[in-house]
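Next up: the structures, one after another.
Both complexes shown next keep subunit A, but they swap its partner, so subunit B is in the first and subunit C is in the second.
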Partner chain A sequence: MAKEATAPTLYTVAAPPHWHCGRTVTGVMQQYILALVPAAVMAVVYYGLPALRVMALSCATAVAVEALCCRVMDRESSVDDFHAVLVGLLLAFLLPAMAPWWLVVMGSALAIIIGKMFFGGLGGNPLCPAVVGWAIVALSWKTQADPDAMVLSTMLVNPLTQLKYLGLEAAGQVSLTDMLLGRQLGGLGATQVLALFAGGFYLISRGLLRCYVPLAFLAGVLLAGLAFSLADPGAQPGPLFHLFTGSVVLAAFFLATDPSSSPVTRPGMVAFGLTAGVMTVLIRVYGIYPDGTPFAVLFAALFTPVFDLLRPKPFGAR
Partner chain B sequence: MSFVKEFAKGLWKELPPFRLVLGLCPTLAVTKSAADGLGMGAAVIFVLVLSNAIISMVRKIIPKKVRIACFIVIAASLVVAVELLMQAYAYPLYQSLGIFVPLIVVNCIILGRAEAFASKNPVHLSIADGLGMGIGFTMSLTFLGALREVFGAGKLFGATVFGPDFKPFTFMVEAPGAFVCLGLILGAMNYLAIWQSKRKGLPEPSLAASCGGCRACSIGESKQIMQEG
Partner chain C sequence: MTKPTFSLLTGDSGPVQAGPESGVVRIPLRGHSTKTIKKKEAVNPGTLVAGHPGPSVGDAHSPVRGVVTDINDFEIVITAGTPRPTPGRPAEPGAPDVEPVSLDGLSRDDLKKALKGLGVSPSAFLKAPTLIVNGLNPEPGTGVAEVLLAQCKATLEKGLSVAQRLVEPATVLLAVPAGSSATLAACTAKPVAPVYPNSLDPLVVKALTGKESMGGVTVVSVMDLYGLGRVAETGLPLTETVLTVGGKALVVKVGTPLADVLELAGIAPAPGDRVVAGGPLRGQAVAALDRGVAKGDYALTVVPEAAFPPVTDKACINCGECALVCPSRILPGFVSRFVEFKMFDKAKDYHIEACMECGLCGYVCTARRPLLQFIRLGKQTLELQASALTACRLQGE
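Here is the complex of A and B:
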């Protein structure tokens, strides 16, 4: 861009359309971050300053790494569109509040490098960057990325781990109200259910988020949870338990809806959300991970090109 | 002169896994450690050199229509030989390579070199080609194995590299780590190639991954010519 103009009278003419509604990438990203603020505040309330430390470190690393990547790739820096901040914040929400600094730095850097910049930056990523970063660190450092092993100085319990290892009765000690208010152990922001619901509905009401993916995701979790609890009521909790635990709400509103890794057509979005939701419960019931939500999101995102084939018939087509 | 040329091309210019992007199954599956990569490479050198030599010797007798079957039979007999040798003299290596030793038969490098080179060239050149390709393959596998072992387990050929505080980056020795590493290396090779040709003032080279300059197209072309002729 810094090349000298060859002719003195060279006017910049943007491509049409020449009027638009004023919505910009930067603006949308800022609104997303605003929608995450309640959950971030709740996380600081429950976990104290360590949570703030993880979030700040993750965001800062993401921005620095993206700036560095842009420099290496010899392109205009894209950090001012706030997407890196959003990725960093979402990644921090999935990590335990006491995560060691190097884990946060690695996760955030890998989310930006492997999840986003390898594919050409915003809009090119086939998977949600924050989930990619989380998956890599969670596979590599199982103990350090596990809230149950890291956050010891708390009275909160993780209902999912209780369910996995101690059975339904132990999981029942966390009431649904507690879960809603975030009084459960998990990723530092992922478990602030009510705050995340508020943020999600804010985005939907502002028209920044189409409701198909989140609603289909939640419906998928509820349906699969209901099916399992009806099949085996003695060992499986009710569908609302699955809805309010782990990172389901965060995934439904913020991770699965990542614009470039989710389908664009309405039937595609519904199928995508249902797949991710049902996969979540399947991983929880049959998998080795207590909460498989991010893996379910990755799994569904792999099928996005297929879901995109589910499109309405064009008018007049045979 | 051409002997040296055929030998040297496998070492960098047509490095099998990273330039030709051939033989990816062992490249991805058995490079959890540098030693595994080296052992696999040695087995492939053995099979590749001998199969190239034998195929080149009998290339005038093999009927065109059944040549693939003949190549496979020759490669398979050599692989069985290498498998038995490994069981006899390197049993731990055999155990750690597992199913991937018999799978050398279907390794694209063996068949690819037989089809693209040995079936058209005299014996001494075929041996040079096999040796160069084999050594290039071994180098690549050992390099990738070392990379993954150092970061994924903190070791190199079994010896600890980092201090006790190092937490192994297990992702690297898992399956997805192999894909990411391979992609990174391919990218680095392309970057190097572009940089080199820029420095020499040449036009941008054709790159691995997009096309590879692997001469696979020339295989297709020769096939067409054969069908037409």
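Here is the complex of A and C:
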């Protein structure tokens, strides 16, 4: 027949829906990295090339280790989705600018291997990979991962350690404006509060980040901080001090919101954010760490399956 | 890439136009196993070609004059345009090809039987205290309901009077897009926000009655009502459907190849594009354009290949966008993963059956997973398991 002579035109056959919002994993990761650029620039402004060195080394290690993992696991390489770069950058943000190279490599590699690839890659990880990497190196090499011990050639002080060891008065030497602008010692990117706020709100305004976790996290920190400062105004700083110090803002917008380790329902996200926020202040007040934020994020993520039970009744259910 | 809009208002679609005249029609069969014609037999418009064994599914009729050239399980192919055959019927010019059937004065059961014989499925008109006419466009960019309400009011009202005899409702409501002044006789018009997925039957029922349950309510689309009205007007079998293609509303004969419809609308799909029988969110993509238009098709949509990122088999990243957008308030991400790993009982625990199949989860999925497909697979598997279980129980008794 004549029909067989001409090759049939091939059309795409796929399940509905045939439209898509256009948001892809690669696109989202690129936007997240873009949102971190202001903080990275600020970090270089305050700490110079050493900060750039840590960030570059961390990102490069993460990508290389993920590529290697994919090869060992005999599966298609997933480095082209930019998630490894994001993990590397977030880990670098938590480390001191003067961290030794082996610590950065160690943290970045462990973040990818133990934080992500052990669980099958993106989507399977039960905890935020960057925080896992940071927690392992911070507990294993306390001195080298501690900004107070490593960054000596600076006039910046860490308000959290001042508060922990010298009291409220010493902590008061860093004004809130200084904290906002990043003039405080800490993780190289985590302390760039204003830049991180800008990045976070950029993502929210683009619809790439849901506001529930970040706002609940910040609300949790503020509420708990307010409660403690009201209970003991002589020894405890105000809630804004807790908000602008340590890695609270980084955690609220970028660490706690790690998609696969955070809940998916609205009430779950709010409960998750509040838990992590309150836990941050609790660790700061009662714990041995001046800044408990990353640990609070890990703690809350452990309860994500429980928070996911907070889901609405389905349509038509009684 | 332009962001798709979910508004259910399409604006002016122009007058309802006649569809293409095709040389070959392919009447799709959906379980119509009782074939009443043979190959090479001549048929007239309205000749019964295949009956459905069930009492609630309408029979299939030829929309054209021609000769049957192929019969298989899926379609009956008729080549149109041959001289009029006259087996047992004198060839008078202008005489009707089949005797019109009057629906007046029939009892409810006889009416159902008559409608089945005329190609209308009576199952759409179950007895209920409330009858809701869903006057919203079914999907974005699919203006067929709007056009019918504006231009074919008389036919719709005729259909509604027959539907009322079948449903025997105490109240009849008409769901119209908010701001529209469309009305039908004997209906109370109620506004619904014209944004997808509000056009889905369960959500229309919720908007009009406040209940999240279809119990005691029969929902009829204006497309169904139009078909019923045409049958009531002419007394002839239903062999056409009204569909939106390229922003126009066409009355297309059942079985018309999609290629002819697209040609008339001036759309030439390129290789790799998706040609969808139905709307962009719920329609079925077709592999070949020689497939015939089916009864009940309300749109023909072409989605260019490059417009959207392709579907992948990547893992769920648990971002939760699907759960936030789901009108059934289930967790499509969780359910799809349960189905993916064959944990069907778990999918049931997560209320897979509540899904209305709106397709929004797949629309927002960051990982571009075929979420609706997973949910349909899960539902079907659970149904098969349940029916197998029932069969076992019956055997045990």
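Basically, the second predicted complex is superposed on the first by the 300 of 318 C-alpha atoms of A that agree within 3 Å, B and C clash if a C-alpha of one lies under 4 Å from a C-alpha of the other, contacts with A are read in each partner's own complex, and residues count from 1 in each chain.
The rule is simple: a contact is a pair of C-beta atoms (placed from the backbone, for glycine too) under 8 Å apart; a residue touches a chain by one contact, two chains touch by 3 or more.
The shown structure was predicted, so the numbers you read here are calculated from the model rather than taken from an experiment.
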| item | value |
| --- | --- |
| Which superposed partner A:Arg75 touches (first subunit B, second subunit C, both, neither) | neither |
| Contacts of A:Ile114 with subunit B and subunit C, given as first, second, both or neither | first |
| Partner chain in contact with A:Pro259 - subunit B first, subunit C second, else both or neither | second |
| Residue contacts on subunit A - larger count, subunit B or subunit C | C |
| Which of subunit B and subunit C A:Arg206 touches, first, second, both or neither | neither |
| In the complex with subunit A, residue positions of subunit C that touch it | 1, 3-4, 202, 212-213, 269, 271-276, 278, 280-289, 301, 303, 305, 307-309, 311, 314-321, 323-324, 327-331, 333-334, 351, 354, 356, 359-360, 362-368, 370, 372-373, 376 |
| Contact footprint of subunit C on subunit A as seen in their complex | 8-25, 28, 120-124, 210, 259-266, 269, 308, 311-317 |
| Residues of subunit B touching subunit A in the complex | 167-172, 174, 176, 180, 183 |
| Subunit B partner contacts - residues on subunit A that touch it in the complex | 102, 106, 114, 118, 136-137, 139-142, 144 |
